[in-house]
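Report on one structure; see the data block that follows.
Lettered A, B, C, D, E and F in written order, each chain numbered from 1.
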Amino acid sequence: MDTVTLKMVTLVAEPVLEEKLTSKLLELGAKGFTVTDARGRGSRGIRASEVPGESVRIEVVVSAKVSDAILEHVKQAFFPNYAVIAWVTTVDVVRGEKYV
Amino acid sequence: MDTVTLKMVTLVAEPVLEEKLTSKLLELGAKGFTVTDARGRGSRGIRASEVPGESVRIEVVVSAKVSDAILEHVKQAFFPNYAVIAWVTTVDVVRGEKYV
Amino acid sequence: MDTVTLKMVTLVAEPVLEEKLTSKLLELGAKGFTVTDARGRGSRGIRASEVPGESVRIEVVVSAKVSDAILEHVKQAFFPNYAVIAWVTTVDVVRGEKYV
Amino acid sequence: MEILKANLLSPIALAFALGIFAKLIKSEFSLPKDLYTALSIFLLFALGLKGGVELGHATFDDVAWPVVVTLLLGVVTPLTTYFVLRVVGKFSVSDAAGIAAHYGSVSAVTYIAAMTFVKSQSAEPEGFMPTLLTLLESPGIHIALAIGAIKTAQPGQSLKAVLHEVLTARTMILLVGGLLVGLAMGEKNWGSIEGFFDTKGPVFKGALTLFLLEMGIVAGSRFGDLKKVGPFLLGFGVVMPVLHGALGVWLGSLAGLSLGGATVLGTMAASASYIAAPPAVRVTLPEANPTYYLTSSLAITFPFNILFGIPLYFRLSQALHGG
Amino acid sequence: MEILKANLLSPIALAFALGIFAKLIKSEFSLPKDLYTALSIFLLFALGLKGGVELGHATFDDVAWPVVVTLLLGVVTPLTTYFVLRVVGKFSVSDAAGIAAHYGSVSAVTYIAAMTFVKSQSAEPEGFMPTLLTLLESPGIHIALAIGAIKTAQPGQSLKAVLHEVLTARTMILLVGGLLVGLAMGEKNWGSIEGFFDTKGPVFKGALTLFLLEMGIVAGSRFGDLKKVGPFLLGFGVVMPVLHGALGVWLGSLAGLSLGGATVLGTMAASASYIAAPPAVRVTLPEANPTYYLTSSLAITFPFNILFGIPLYFRLSQALHGG
Amino acid sequence: MEILKANLLSPIALAFALGIFAKLIKSEFSLPKDLYTALSIFLLFALGLKGGVELGHATFDDVAWPVVVTLLLGVVTPLTTYFVLRVVGKFSVSDAAGIAAHYGSVSAVTYIAAMTFVKSQSAEPEGFMPTLLTLLESPGIHIALAIGAIKTAQPGQSLKAVLHEVLTARTMILLVGGLLVGLAMGEKNWGSIEGFFDTKGPVFKGALTLFLLEMGIVAGSRFGDLKKVGPFLLGFGVVMPVLHGALGVWLGSLAGLSLGGATVLGTMAASASYIAAPPAVRVTLPEANPTYYLTSSLAITFPFNILFGIPLYFRLSQALHGG
């Protein structure tokens, strides 16, 4: 099975940021993304939502370059004031060329 | 902590395919699977659903052999006409023998 | 992009265990966690819920040490009688020091 | 003209228009999925229950001919759709069959809108109309999918699974099941829940208004695809329903249906399914382009029928009933 | 016989049967989770509110004895269940205690069905029945879990957490809270919302019908497990409720409850909880096999009571009230 | 005193208190998210529809002055809030502007509670009150965010996006859209759905009761943050609404509003938005601490208005209307 090795960036953030984050992802070169609704607890747990702890979980499969760009942006634009966590794993993607 | 190293295949697909995909997974040797509802955007974004962008996210922990079989099947049976993405990561599973 | 390499433990369990599991995670040293509602099938599929197959999917980013502690605990306290699956991956986390 | 105005100023038409408008101004607003489902469950079940109670009063002779022409429509409409699309529209087998599955079936919401409209025009339709609705729901889908599956040599097993799904889907359970429950419980028991389920009552009409608000949003969110489907399908989405509607009104009148009944039967024939058909087609005919069948049924034919079709079929029915 | 027929043809029994039928034909249909929850919230809160308003009219003497026998039932039914299962059924401590927690508590839906049935038989029950329901909800669970926890030496802390959960769960908040709210607002304010919450009104009965449709689906989806639980539990699921039901009707009559009131109390004793009990048992007694307690309470006792038990307890009550 | 008692014993105040109580005893109970949304959609749309029908009866002269003073309040209240917080409270620009966006806007639920209360006091407010509600919704948010964005030099583009979001959000679509739909359909059509949407009817009041139960839970879950916000904000959350409320009642009376109408306008001015404002502020002014604006609007001002503010503003209005 021939696959392409890419990066998978997962972002968990407060729901109000969904639109802002996903449009930025595409802008930075992602070809798509997957969002799931989540809830959770963190060090701050601050949220501008009626339901405390609500989050969105955004997954995006991208090249290492785009991955770095995304993390860089998130770090600068969101970490200071928002409840966001970001982690990266290495994934083997079928039809991977589609996502770079 | 002794764990078994296995493959974790993640499939994101349009909701109508859930039944078709999961039954196929078991048929190909998976011992179980986990499904979460998701939404997202992709290169095509075609969907036979009233709510565009709805997806299901299917995770399945399997042996490398089964993982290949799954990817092979998905590639042939679903990529041509359906909105599907598939990626694989390596995971350490507790009680892993249960899933091979 | 400087990141810290940590462990990501994913637990899929029956919903009644959510409270029990998450509080235990924090007790064992996790700084936070993310929960998503899921459904699935497994070898037993026993559930004390009106909707069979309902699960919660808990993700927690922790140090290798805490990861082992979590798996150890889950193995002893939950595997014998509950429908639970646990797997671990290695992740690169931005601002990772926050989670150890 | 009067009739058209009456329809356009009805709460449900206005709510539908509001939903479309909300999408046009790019509002994020939509009903939560579970509310949308809850409303459709309530509307369909109420429909079935009332229909069952009424069916108890109908004689075989009342029902026989209407049933026959309804089944006839179930066979004819998918075929006309398929051939028009193949021959005139030059669509692929899969696309033609996929769209035919939609136009051969029926949109329950359009049906309800027609029922509500003719009642507001005090042209009370026959009590057994819901029975006809259940009969028209699935044959068209089966026929169209069969054509497509055979011509594209699909594995039959998935076809069988899909048909079972259609027959046991929400709509069927609630309509057919509701019919049986209504039939069994009879007038006396019906009285105890009529205030909630009565299809002429405010709860039903209120729920319908909210549901059409969402349908407007759903339809509106498809308008972006209108340019993708090409001029032929745009015309098709308006002309086909008018032809099927006229046929339905005519056959209904021949079968002895009243002014209201014939109007509703015509509307059923004119309507295109967008709940049962899409997933069935998606799974059975993967090559069929969803943009074609979803846009034509949901973004063209559905709004056309709700806003203009129903009063038109009513006018036709008046003509045939010597109005 | 007449009574049984009247019950089987009631909208709620028919809707329940439809739900079971849908599962038997392998339909995927079910109510969305939030609708299911919404309906149960509405039903329980309406129950509490009405009960509170009515409680305002009751004197201490009316309530005293019924309260005593209700609490007595709360202590006796879990014990009888536990010992029958241990001694006769040879079940493990955990399994016996787990099932006892279900049969020692009460099913609010079964209670509501009984209330609706006796009212339809114009045997108006006492206004303070909801108060009794709240009293019977938790003692049984506490007692059974305590037995199990002690005998299997479980960590007590989790037991305490679980009991707090039971006492602050949805059912308790809505029933007890509703009682207090109803009591506080009084008749005049009640009048302004009665049209919505009245437990005799069409909204309540309509919501109940939809809810039982889903309950039928839930119960039906457990039928597959019937063969797993063995013949003893099958018999137990029918005989135990009858015994508890008879005991409840008898004690209720002794305590001076009316024909309807005694029937409802009997039904409460006969019913098995499947909302509060399962998670509590699952967390406290992990070794208890959920298939046993879920199947017996949900797939055997619940349908039995809804379809046959309630009219039977009514007949018993008639006998004791010289009918 | 009588007035206060009447309010505290109303179903909605009691349900609200019950929700708070449930949180205080650490109950996990809360309404499912979709039910909460469904109720708010129903309440807002009903409000709009009724308002539209009524608006059809109003003349320009009736509406002119009330509209002027409402817009005036929309400009004044965010400014007073901002400067009080900056000058007296020594809050940062972002925090002051963020809170001002909440107090400059309006809480639809508080508005509905006020409408229900004055009607129960048979002080029927003007029919066009919903129109005023829609006018007061957004200006305050825009002004406060503009101040904050300019002073903290935020990128304007995100501000524009946010304002579009506010203007096309659920509340606006349902209120403004409902107004237009109600206006268009007129009395006759309204009659067919009045039984469901009537803001004086039991369905509306029942839905409102359930909604306030949840609002109590939501507010109660914020009580833990009360100690985090410091004494100043605690006082501010009570004093500011009283000042804005008095101003609103006074301006309303000057504009010729009736006893009930002036009370409702005052309540609007006194209320703080916690639906439209929080996400808008969160996205535009990231440095603003959500704990401050959420706690003050949701855990302090909202309960204060529901329980004590409304009767107080009513009393004020009585005084100004020579009562």
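Following the convention adopted for this analysis, contacts are C-beta pairs under 8 Å (C-beta built on N, C-alpha and C of every residue); 3 or more make two chains touch, one makes a residue touch a chain.
Keep in mind that what you see is a predicted model, and the values were worked out from it rather than measured.
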{"item": "Set of chains adjacent to subunit B and to subunit F", "value": "A, D"}
{"item": "Chain hops separating subunit D from subunit A, counting only touching neighbours", "value": "2"}
{"item": "Chain of greatest Cα-centre distance to subunit C", "value": "D"}
{"item": "Chain separated most widely from subunit A, comparing mean CA positions", "value": "E"}
{"item": "Interchain centroid distance [CA atoms averaged], subunit B/subunit D, Å", "value": "35"}
{"item": "Gap in Å, rounded to a whole number, between the CA centres of subunit F and subunit C", "value": "41"}
{"item": "Between subunit D and subunit C, distance of the C-alpha-averaged centres to the nearest whole Å", "value": "47"}
{"item": "Residues of subunit D whose C-beta touches two or more other chains", "value": "32-34, 38, 203"}
{"item": "Residue list for subunit C, restricted to those that touch at least two other chains", "value": "36-37, 89"}
{"item": "All pairs of touching chains, each written as two labels joined by a dash", "value": "A-B, A-C, A-F, B-C, B-D, C-E, D-E, D-F, E-F"}
{"item": "Interfacial residue positions of subunit A with respect to subunit B in the complex", "value": "1, 3, 6, 8, 22, 26, 31-37, 61, 89-95, 98-99"}
{"item": "Interface residues, subunit E side, partner subunit F - complex", "value": "32-34, 37-38, 41-42, 45, 49, 164-165, 168-170, 173-174, 177, 180-181, 184-186, 189-190, 192-197, 203"}
{"item": "Residues of subunit A touching subunit C in the complex", "value": "12, 36-43, 55, 57, 68, 71-72, 74-75, 79, 85-89"}
{"item": "Residues of subunit D touching subunit B in the complex", "value": "33, 158, 218, 221, 274-275, 278-279, 281-283, 286-287, 289-291, 294, 298"}
{"item": "Touching residues on subunit B, where the partner in the complex is subunit D", "value": "14, 16-17, 20, 46-52, 80-82"}
